[in-house]
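All chains are identified by letter, namely A, B, C and D, in their written order; residue positions are counted from 1 within each chain.
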Amino acid sequence: MAEPSNMAEPSNMAEPSNMAEPSNMADVILECRGVNKAYGAVRAVNDVSLELRAGEVLGLVGPNGAGKTTLVDLIGGEQRPDSGAITALGRPLAGAPSRRARVNGLARTFQHPQVALDLTARENMLVGLAGPSLATLSGQLRELAAGIVGAGSRIERDAARGEVERVAAALGLKDIERECRELTLGELRLVEVGRALLTRPALMLLDEPFAGSDAHGVAGIRSAIAEILRNGCGVILVDHNVDIVASLAHRIALLNLGAKVFDGDPKACLASPEMQAVYFGEREAA
Amino acid sequence: MRQGGSAWVEPIVTLALAIAAMAAVHGSPYLEAVALLTCTYAFIALGMYLPFIMGGALSMAYNAYLGVGAYALALIAGRSDWDLAWSLPIGMLIAAATAVLLGFATRRLSGFYLAAVTLLFGIAFTTWLVDAESVTGGSGGLQGLRVPVFAGRPLSNSTLVMLTILAVWIVALALSRLRNSPFGVAVRARRRAAIAVESCGIPVSTLTLVSLGLGAAVSSVGGSLFAVANHAILPESFAVDLVFLCIFMPLLGGQDRPWGAVLGAILVVTFTFQLTFFKETGSLFFSLAVLLVLVIAPRGVLGYVLIGLQKLWKGTRGGETRHG
Amino acid sequence: MPSQLFVSIVEIGCFFALIALGYLIVLYGAGFFHFALGPYAMFSALGAAYWVTASEWPLWVAVVAGVAAAVALSVVTELLVVRPIEKRVRGEELPSLIAVVATLFAVSQLAGTVFGRKPFPGQPWMDFEDPIEWGEAVIGGQTVIIVGVTLAIFILLAAWLRWSRYGQWLRAVGENQEAARTLGFPVARIRLAAFAVGGLIAGIAGPLFSPKAGVNFESGLSYSLFGFIALVMGGTGSIWAPLAGGLILAALQIAASYLFGSPSLNYATLIAAALFFAFRPEGLFARRVRH
Amino acid sequence: MSTGLEVQGLTVRYGKALALDNVSFTAQAAAITAMVGPNGAGKSSCLNAIYGGVASSGALLLDGQDLSKLTAMQRARQGVALVPQGRQLFMRMSVRENLEVMARLLGLGEAEIDAGLDRFPVLRQRARQYAGVLSGGEQQMLAVSRALMGKPRLLLLDEMVTGLAPLIVRELIATAVRMAAEGVTVIVAEPSIGAVRSHTTRGLVMLRGWIVAEETGGDALEAAYQKHMGMAA
């Protein structure tokens, strides 16, 4: 996909927002109340409160060191907050990432795709489908026996057969029998989204899905987000490409130095003095 | 997840090979002894296949699980009149419990730390075998084990060999099926993307403990077999260097299928005991072969054999690709 | 505890400390626990003993040859085994762990094949006609040599890390490998130097200690394991941490065997390792820097 | 002195990720070229690729001499200097040792190390302390002094002033301006143009591994940047 000359506008420039507005009556699927996290003297997340509704895309933006990654880890369960509350579907988010996925319907992708490169795309996505059945010890033992006998696996029941292929097709992923080491970065990200979708989440966390992607990769993720919304999930989209996030999100939360400095309409956010200050620095007395 | 006709090729071909092996060794006491030793090693290597080759958890206490299987049989044989067949489930249970407890105690460890602690456990186990005179018969081990009874008559060596080769075939086939089942896929995904498996709601620590337990149980069967075949056991037979041999079997044989572990066992016994040419240098040649495979040919012997067969198969079938 | 045991604590402690120091240097240079250091020490000790007894070489020539062999083995391991595997599988720990475990096994088999599979007594470097008395304990020539050489190695190495070009670069890479790579340090050559120095230290430790305990082709495994635990106990915070770790592990092992009989040495080591790995993996002298 | 740097078709990949996609530009000598763009736009990949710490493909001509065949150490000895993003200091080594390890990389001696300590007074005062105990601004001065030890022809400054107090920002920018005045080719990469607006001759806007705009003068550069970020008023 060689552009004639890289001086030309890349074709993926921000198109006008075409996301369907979420019904504001939808229930709140994620709520952060006064969340704090500090490492020694550094306050990585500083009294952040935000919420997310089903079918809504919340953009989370801000420069490096603004606290985005820490907030994502707090929600995902990789880190524990010092204070404040994070609740999903009304239940407090607690415990290991696996418990949060099981109890609160939380799924996520990773900035550097966490995909087993020696397995095929189908097998990697199958792990998502297998999530509910392998969530408990008894489930694992049942699947172990079914695996040996070669029959009786809940995951491979007729209803599930073809589920992986359907989600892959919906995301535009072709030939999922290829080993993931042969896939492009954009395709790997689609595998992660597919794996996450197959756990039937209520909330999807996308961590810098555009980083290092070419225009084709970016387009792939844009259509993937539409597919996620068709599944009724809420999406938290974390990325540096503010222009693309603005074109996809219903709302944007701007973080700077650990604090939420803006939360509202994407267009308003782009034109806001806070965004101006964060991305262009205070006007110097030239 | 099977691909039509080809699902039956694997069991049929491997069963045929197993039967061929039975026929080849039948009647010659020396070959039968070599076959029994190979099967013992195969059981340990197959026991490591699930947690280590598939799951990536290099726990190195497999000499202990082998020892548990062997001493369980020896104690039942020597100190009770139960049918020796009971030693299999008992040995497997104790080995699985040991593996799960050790796995739980080391759940936060990985890589070098996990390898070091489990190796130390293996060394401590061998020391305990010599130290706990009352239980294990100390350095003299346990001698004169009674011959098991099978279908009314004492089990002859030839029958034992056939049953054992069949058992290895069953375990390897079961693991091969398991490898492609959802459970197996989750374990294989854990090796390089544990965070992703965790984020799908699957507690990785439980997955590891289940794998370790099953692996230890399979290895303990090898121990029971070893005790029956030799009618006596000594602590030295369960020293830690056995573990090194067994780690390298699936690597040399081929990681992509459990049959690689069985082939690895055959290669090890051939290098270290069988060929007079190697005599003293057997293990050295084997260890250098392992290094060569690790650096240059990671798919191992079986891996490249299968690639060759596939090319051949594709060649004859006019280029239509077939996934084995 | 009889004071003679303190002497053996110091002797064994120095040996563990040297192996742990070898681990630390390779950890600095390559960010990697070099599990094959034990067999290098064994190979050097076994080689020296074999060349003196079987080939009648003078002691010094045999020891130097042993040390040279250890350095060569360590360098070959990096160039032919670890580096190609790490290049193929970037950022995964298991393949390089398997590589060094395979190397550990291969070097042991090599020694067994070349020098034979029966144990050898080590050749003492120096004997006193009338050993020093210290309380009821008796301190022989070899003990003094062990302590002296160990301290000399620690001091020389500290100076090398402090003043020499490669020594400073090694500390820098150990401190922040990403920075060293970004700034264009010759990371590959620094890694090789670390492997060579690690091999050198292990190569000296082998024949230094073997007069006290003898050596056979299978000793390498326990040298590697105990050296690794001494490193973890001591921590990686300073060049002297391995010395502390080695002495503590030796004291623990000797106290356990004195109090509960020799089998308990392995039990005590297992329990100590499990506790340290679980609760204090960064060791006693951890790295602390204000971020 | 230097006539400038010419970059042709520079591409950087980290595994499958495309960080820099076939980028070409020129930076004049004795001038400051500013490179602006959000995090992840490829600015650091570009400067690291020019310095050589990161593998890349494409041609790099400094005063007509092609650097792309040289290792980073060789380029540094040819007068390419980098103040990396995040400073990349050795925290548990002293201020002097941080200069020493670099001096030895460049094949320099005690004279250059002493000159390095004297470039900013705080470095001489705290020469024996660990770099980790210095404040952010002081650490940045150490990183800058480290880069200037080899009397560079090409100076690459990667987010040198981000997050620092205005007083220190002014001092560091003054140093950059002074180097440019002495004929050095200076390239400054910053997420926001604020600090270098008035000193910029040529400017590039980078987005997703591309150069999407090339302007002359700081104000034109900022306007182009705002437009591409969809923030034009």
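Please note the rule applied: contacts are C-beta pairs under 8 Å (C-beta built on N, C-alpha and C of every residue); 3 or more make two chains touch, one makes a residue touch a chain.
Everything numeric in this text was worked out from a predicted model, so none of it was measured.
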Chain-contact steps, minimal, separating chain D from chain B: 2
Result of counting contacting C-beta pairs for A-B and C-D, higher pair: A-B
Most distant chain from chain B by Cα centroid: D
Distance between the centres, which are taken as Cα means, of chain D and chain C, whole angstrom: 42
Centre-of-Cα separation between chain B and chain A, whole angstrom: 41
Intercentroid distance (Cα basis), chain D paired with chain A, Å: 33
Centroid spacing, where centroids are CA-atom means, of chain A and chain C in whole angstrom: 47
Overlap residues in chain D, where contacts from two or more other chains coincide: 15
Of all residues in chain C, the ones touching two or more other chains: 290-291
Interface residues, chain D side, partner chain A - complex: 14-19, 21-24, 38-41, 163, 191-195, 197-198, 207-212, 214, 222, 225-226, 228-231, 233
List of chain B residues in touch with chain C within their complex: 56, 58, 105-106, 108-113, 115-117, 119-121, 123-124, 127-128, 130-131, 191-192, 240-241, 244, 247-248, 251, 280-281, 283-284, 286-288, 290-291, 294-295, 298
Complex interface listing, chain C residues touching chain B: 33, 35, 80-81, 84-85, 88, 92-95, 97-99, 101-106, 109-110, 112-113, 117, 218, 221-222, 225, 228-229, 232, 261, 263, 266-267, 269-270, 273-274, 277-278, 281
Chain D-touching residues of chain C, taken from the complex the two chains share: 90, 165, 168-169, 171-172, 175-176, 178-179, 181-186, 287, 289-291
Chain A contact footprint on chain B (complex, rising order): 1, 174, 177-178, 181-186, 188-189, 191-193, 195-204, 206-207, 210, 214, 323
